[in-house]
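In the two complexes below, subunit A is the common chain; its partner is subunit B in one and subunit C in the other.
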Partner chain A sequence: MMANDQSQPLASGNLRFRQGTAALSWIGRNLALVCFAVFALFPILWMVTCTLKSDAEMYTTVFNFTPTLSNYRAVLIGTDYFKAFLQNIVVAGGAVLLTIAVGVPAAYGLARYNFKKKEDIAFTILSFKFAPEILVILPVFLIFQKIGLYDTYFGLIWVYQLITMPLLIWVLRGYFEDISVEIEQAAQLDGYRWYEVFWKILLPLIKPGLVASGLLAFIFAWNSFTFPLILSGFKIQTITITSLRYIASDSVHYGHVAVAATVAITPEIIAALFIQKHLVRGLSFGAVKG
Partner chain B sequence: MQSQPRPKPEKAEKQINYNEVPASIRRRPYYIVLPGLIILIGIMIPFVTAITLSLTNFSFKIPVTKFVFLKNWINLFTNKDFYQALGVTLRYALFATGTQMLLGTCAALLLRKDNWFSRLLKVLFTFPLMVAPAIAVLVWQLMTSNTVGVLEDFLNLFGVYNFPWAASRQTAMFTAVLIDTWVNLPFVILLVLAGIQSLPKSPFEAAQVDGASSWFTFKTLTLPLLKPFMYIALLFRLMAALQEFGIIFALTKGGPGNTLMNLSLTGYLTGFTYQNIGKSMPYLLVLWMIVNISAKFIVKRQRRLTLEAAGKQ
Partner chain C sequence: MASIEMIGVTKRYESTVAIDDLSLRVEDNEFFVLFGPAGAGKSTTLKCIAGVEFPQKGLVKIGGTIVNLIEPSNRNVSMVFENYALYPHMSVYDNIASPLRSRLHRKSEPDIKKAIDKIATLMHIESLYDRKPNQLSNGQRQRVAIGRCLVREPNVFLMDEPLAHLDAKLKHTMRAELKEMQDAFNTTTIYVTHDYLEAMSLADRIAVLDHGRVVQLGTALQMYYTPGNEFVAKLFGEPEINLIDAQFYVEGGKTLISTGIGLTYEAEPDVAAALQTQEHNRLHLGIRGNNVAFSFQGGGEGWLRGTVFANEPIGNSVIMTVQLGPEQIRVVAPNDTNAALDQTVYVRLATANVLYFGADTRRYIVRHNQEQVSSVAHLRRAGREGGEA
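Moving on to the complex of A and B:
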């Protein structure tokens, strides 16, 4: 800080001016942040209130109404929405389990061993993330129809690997790289077999990363729109596709639309709360260790 | 300058010399990675099929499929729809990514003070990020509805009535980008914020001792150090925006007219709805090329910026 040798009145005026600008910038900064927060949250809050309005009140009121659960009853019991919800859990959950079964060893291999073409393989896996979904899915549609995988659980679970596997492998590779080789070598010296090292030493160490990237992969799979749009028909329905029907129908019950959206979002927001600490690392595929 | 023969970099001691280990162990990493790769490549076989299909007149409507060689490609480049779709794709990607990068960086810089308010906001900002794009469209269709939508009431306060949102050619792109931004802005915020929190302290202390103005510090120190993080956010956002399908499809299916028909949607409609798979493939292959070239470019620049930033520390 520079010493101020101006005369007293001027200095105090200067100080007051500075305090003024500081206060102004504090107000401005927080005002901007409140705007961002309103932009991010208001749609969700407003939608949840819509789920509780009757059709008549939908048009006349914003926040002042008598809440009713009739919309929930209509959507969850009256239609096959709940069935789609369960089927979506099976498809997204199955996709994540398959990804974990083959992805965790792959991530370990790519982190720990040095072998020819290692980086090429790792980048090939990442590049699946950047392949346009429609380009992949139209030929898959033709092939699946031929071999009978169209509109089946397994077909969807397999295709969902394009969403879940690159994420899991790249995130977990970073977690494995963070574990020092000495720990493994020490365990081996203690007489552990290689699979025992993996189960008893490594897996507990990467557990937070595994849970976080697994949940994030689940969310991405849950959100997928293009794959089920083309690869599922009448037998299997996912929430994203089913929900859209509510706004497309002729007699729009806005309350039902709101319920469909709310129920689809709820599991994701709960999952997001669990993985806060690992979210940035997961979202950036391990590139940023937030 | 004559280059000296560089001394060979010494291998880290921890690495195992693979010539001495038996073949069964040497092959182990391949075995471990293989299942994952097979599953992914199984899905990517269609990609090769896509190239072949682009050379045929494959369609559900025609029983016999013939090779037509480059006819689909010539059709593509002489077709007005293609240039419209290309234009929409690029405009949408630039508009959406630009908005999100700019606002996201600003918001992250505003959140840099670590107090309860910014910690709370950081959690709340993750909510829209988790929402499926298709569901987000549903939410915003409710919000922007002229009858029950709350945004209509809001705009009425400013004397704007019956704002057309997705229904008009002038505002459809804006509406789609607005929804895209609602979902993905938090992604940029979180990534840049992670960058801010990883900033090293010492250069900033040095700048303060030297009496550098805050703008100067920001321009010469903060921004270059943050750029690698911003480029990662840019990479993910641009790749997704170039291929955007869910938001536009759920919102207007490419309409009104062809206002929002990007390459993904044109490919989908040609191939799936009009059932001309052969004709649709070139659209999607061009998209794939654009995505790949820009991804390579950004990754290269990101690496260079990371090195430069490391030099500054």
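Moving on to the complex of A and C:
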């Protein structure tokens, strides 16, 4: 294609300039992302290297050390860490299931129906998330001891609702509000019962939000420290508490702590990687995209 | 295949009353149009019949059975929603197939395919099967919504402004299709619209609603020729009916009508008789734009002198607004009419076609030859029924 002779040098110069800035901005953007990635991932990397060091090398700050699996052996085989891991799965998983079972209908109710003090109730639910856990933990401890929920699965699952449910309710409430009520009505007129309407129409529409807030609820429950610290004893131990055991009053086995922490974050990382697509979308878009 | 009856139905949303003690009866196989301005309660009426909204008071009957406590899914009604209410996560095909896949109306997949193909051809959406609703234009969405409604064979079709977002040409074809389909399917249809052309062309009978009440019930021609009040008269017809302040008085045995625009004429005997039963002598004369003659040259007996206020070509005619003293009169003129603004123009009202309304009540009083006109208006419906039998 022949361009106009006179304007060609100017145009190509312009083009080269534009290509230059594009390349620069590409480099700049990626440099920033790399910086952020290093910033975010370095602690994890450091933790993983700690798991492979012996106690003697623990305080060296170079990556030059003789790797050893003795920490893993000591923690995973030598202690009942796996028991705590499984119990943590039961407690966190149970908390998420209960949150979904109760939170989805609650979110639907807050989105669809008008009743007195609706906004107050919605805000109260959210405020559970603001309140520091330490604020309520002593009364809860006393009550749990009285009614026999201390050191039980159900006791922990129940109290975890304080940290898992508010976010799920608020995210899903927004999703339900985005779905016009006529869509449900149309499905009813098509001949579907209310539970069929829920499974066939509503559930697919709220799925991104449900997955994202469900995962966050799982992470909140999995990471919870204060509640299991106070409300569980010998029968139930979560990994956050178990990890502490490797810090004794006279000696600290940082290698053991690092192994405990590394194993503890594995399920979260796997889950987050699998559904990272949903995670961003689920928290940033509504149910019905225009 | 069912008649529908609403008896004293009231539906309130918090403090606003959407429908207020509404009673109406829609006959079996009737094409019944609910017509009225925005917020008149048309959609709410449909939803109460469908069962997706619950009236606070009153009974809804379908086919003679009280259905107040029957679930919407079991009422066997099919509805087009004003906002389409398509399922956003399903393709067009699955949307239309949805009613046929439910437990109540289940059909085999080949039958579903056949039914959908038939409807899609009718709606011109065969090429859109795999699209999601958010990849469609509003007109296409609307056609999919109609398709989902028509793919079933319910007792009642409820249609909430189903043609509102189609372009003019498609609207016209679709109107004809709906009418034909209704005749073919033998199904009761309740149709909500605020387009008077749609209402008049489709309806066996029309109910005009305002503020949740039935203002008038009758055939399209009754609405047009003998509207119950000024509100109905204004809704039907384009341009809007002209209403002119006037009063009548009796002088020497004659009933004379005098207007504020310099026209005084003697009322016909039947009109005079009806007017004399009125308490007040102030009137509004309703006259449609096509019953006003105009001329740019010279006047004469009965011609009124005015000036051109506006001149709007609308394709097949021109709507000319004439300033006559304090009043503005809209006149339908041939589309080759060229008039400069403020040009002098003479108009003559065809006083035989005037509708008389009370100035204070705004209710219809009488028109000349009322018996004859209303019998013609009835004929249309009678003719349709005769044709079906």
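The definition used in the following text is that the second predicted complex is superposed on the first by the 218 of 290 C-alpha atoms of A that agree within 3 Å, B and C clash if a C-alpha of one lies under 4 Å from a C-alpha of the other, contacts with A are read in each partner's own complex, and residues count from 1 in each chain.
Here is the rule we go by: a contact is a pair of C-beta atoms (placed from the backbone, for glycine too) under 8 Å apart; a residue touches a chain by one contact, two chains touch by 3 or more.
Predicted, not measured: the structure shown is a model, and the values here were computed from it.
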Query raised in the report: After superposition on the shared chain, which partner residues are touched by A:Ile143: those of subunit B (first), subunit C (second), both, or neither?
Result: first
Query raised in the report: Which holds for A:Glu196: it touches subunit B only (first), subunit C only (second), both, or neither?
Result: second
Report task. For A:Val257, decide between first (touching subunit B), second (touching subunit C), both and neither. Result -> first
Report task. In the overlay, work out which of subunit B or subunit C sits against more residues of subunit A. Result -> B
Query raised in the report: Is A:Gly94 in contact with subunit B, with subunit C, with both, or with neither (first, second, both, neither)?
Result: neither
Report task. Report for A:Asn114: first if it touches subunit B alone, second if subunit C alone, otherwise both or neither. Result -> both
Query - Touching both subunit C and subunit B, counted on subunit A across the two superposed complexes - result: 114, 287-290
Requested in this report: Flag every residue of subunit C that touches subunit A in the complex, lowest number first.
Outcome: 14, 47, 50-52, 71-73, 75, 77-79, 81-83, 85-89, 98-99, 102-105, 134, 148
Report summary line: In the complex, the residues of subunit A that touch subunit C are 114, 180, 182-183, 185-193, 196, 201, 204-205, 287-290
Query - subunit A-touching residues of subunit B, taken from the complex the two chains share - result: 14-16, 18, 26, 28-30, 32-33, 35-37, 39-40, 42-47, 49-50, 53, 103, 106-107, 110-111, 117-118, 121, 123-135, 137-143, 145, 147-148, 150, 153, 182, 185-187, 190-191, 193-195, 197-198, 211, 229, 232-233, 236, 239, 243, 245-246, 249-250, 263-264, 267-268, 271-272, 277, 280-281, 284-285, 287-288, 291-292, 295
Report summary line: Counting only contacts in the complex, subunit A reaches subunit B at residues 2, 29-30, 32-33, 36-37, 39-41, 43-44, 46-47, 50, 58-59, 62, 98, 102-103, 105-106, 108-110, 112-115, 118, 121, 124-125, 127-143, 158-159, 161-162, 165-166, 169, 181, 219, 222-226, 229-230, 239-241, 243-244, 246-247, 254, 257-258, 260-261, 264-265, 268-269, 271-273, 276, 279-280, 283-284, 287-290
